[in-house]
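In structure tokens below, several structures.
In what follows, subunit A forms one complex with subunit B and a second complex with subunit C.
Let's turn to the complex of A and B:
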């Protein structure tokens, strides 16, 4: 009897790396809904509905649902979080101006559904950035709820997903699953 | 006439041609409200929602080999929202009560969407 798929929501403010993460981790063709951005957000396109990708970890299928980042799309946060197992909230360490927005997204989602989350800290390679501990202080969460990741790296993404699965699954993921994640 | 005046007049003419329509708005493809003629509700929110719907519709067309999306609609038992692509940059949405002459509505709205596309360039 195969396990039902695990649904992971990838959220966070504009430019945190949600679409990049989903494209890095998915082993199936990613459905993206990016449109040309009319605001100055530091990139040319932005997600208006969702990104969808999936990967298999051994027998276990993981589905990734990326949300839009702007607050005007907050209804998509609710829509995509229905039935979700876990939330990966991405935050760019180089954009402290977006931390308040990230906190708003986290509070918006967790006030509607009790969902385990991990904060993935991206853009740590930028010349000016906040350190993980400082960001943990800002969010007032234990540092073990944060994980450093480069959204372009499969290894980093796998470790972030593993950390999230540790918080989501009662029995926790197996070491075999981590190996499988890293090998996908 | 400024760009927003021109878009506003397209919406005003559309409302005059279709008196039953409850509201019309134009948003950018990324969900920013550009012009509106809506009497009730949060038009900023509606602008984002119609962009979401059109964006998803575009990907569905691609996935099902249906070519470029021209329009999509959402129907409830008390009303309908018709959403038209206006070039690559814009979206025109019209809120209509249930029933009514949908043929006429499409005729007027498709023409208006083409004009919006020309204005947005």
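Let's turn to the complex of A and C:
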């Protein structure tokens, strides 16, 4: 019998790729609430409430809850994190202006609840970007808590979710065969 | 490798600290037309060029560096260089320069949005000989004990008899000094006890007043983040999911 759905919170600043990630990974129709951006945020539409998607992995369902990238929804954190298994925080390596906000979000959450997390770094293909190690230093987290991904790639998305689940293992991530399997 | 950004989004102290123990040149352009180059070797400042002129006096270095720390506009970039191309003959640890420079900055010159949330829990990292300046030193002494169990700007403000925004600013400085860091709760490890708030002896009248001032949560259904339950699926399920995800890649 399948376990009840696993809940993953996908967060991060505006334009990090939360909606794209949810759409790329979902096997069911994604419910998004994108609207034309009223502020100048460097893209046409932004998510104003939530992105919700889900994917079936074998018999098991993973639900993805994308948070809005704009700060005013702060109060939602406890609702979003309730019953979640992990947190995927997306940041665009090409937008250092958004790092501080992302770091504040991560610290606000992980200093209060013991939720396993990984930082998914997008936009590493941009001509000008911070490297993964530099971002790890800035966030003051070990580099193994970061994973490179293009939110448009299903393989990358699967790898990011894998890394997150690996961090949820009771014994912590093992550097074992599964990681090796992924690298092949 | 590239560390770059603007000072309105990453403050100069944090931008400089982001260079870690790197070797290279930190270049800053500050409007209208100032140009700074700070040469770094393995985390120490060796040279400081202001508008093309290489400083040769240590007092001048402190003075100009402190000014740079307080800039609110401008952009920066860190370029890694081979050690032989690093200019200047100073040898001052960057971290120490940042802390000393900031200790002198009394006023809250960091925009509030650059400071962490007053609810973020910080913890004590360890002992270090750093000069903090009188005010910060006093805050540190008053809050050190609470920080050993993890504490927030909101709670420390009460303990240290200061405002929450001041406590946020002090924590920001203590973090740059490497004395505190945000707590990262690990699963399986029970969260540390919240430090007891100081007993405030107050009349009923004043506590009523306080109740009026404390904003009530938007809905009683929204519980504090610290009370949220995280789901912990069992290992066989996680392994199955990981195997399934791995097959997405084949």
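Throughout what follows, the second predicted complex is superposed on the first by the 167 of 184 C-alpha atoms of A that agree within 3 Å, B and C clash if a C-alpha of one lies under 4 Å from a C-alpha of the other, contacts with A are read in each partner's own complex, and residues count from 1 in each chain.
The rule we apply is simple: a contact is a pair of C-beta atoms (placed from the backbone, for glycine too) under 8 Å apart; a residue touches a chain by one contact, two chains touch by 3 or more.
In this text, all values refer to a predicted model and were calculated from it rather than measured experimentally.
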item	value
Subunit A as common anchor, with subunit B and subunit C clashing or fitting	fit
Residue contacts with subunit A in the superposition, subunit B compared against subunit C	C
Contacts of A:97 with subunit B and subunit C, given as first, second, both or neither	second
Subunit B versus subunit C as contact partner of A:31, first or second or both or neither	first
After the two structures are overlaid on chain A, angle v-u-w for subunit B, subunit A, subunit C in degrees (C-alpha centres, nearest 10)	90
Gap in Å between nearest CA atoms once subunit C and subunit B share a frame through chain A	8
Overlapping contact positions on subunit A, where the subunit C interface meets the subunit B interface	75
Complex interface listing, subunit C residues touching subunit A	1-6, 9-10, 14, 18, 20, 113-114, 116-117, 119-122, 150, 181-189, 191, 217-218, 222-235, 237-246, 248-249
Contact set on subunit A toward subunit C in their complex	3, 6-7, 57-58, 60, 62, 75, 77-79, 81-85, 96-101, 104, 107-116, 128-131, 134, 137-138, 140-141, 154-155, 158-159, 161-162, 165-166, 168-171, 178, 181-182
Complex interface listing, subunit A residues touching subunit B	31-39, 46, 48-50, 68, 70, 72-73, 75-76
Interfacial residue positions of subunit B with respect to subunit A in the complex	28-32, 44-45, 47-49, 51-53, 55-56, 58-59, 63, 88-89
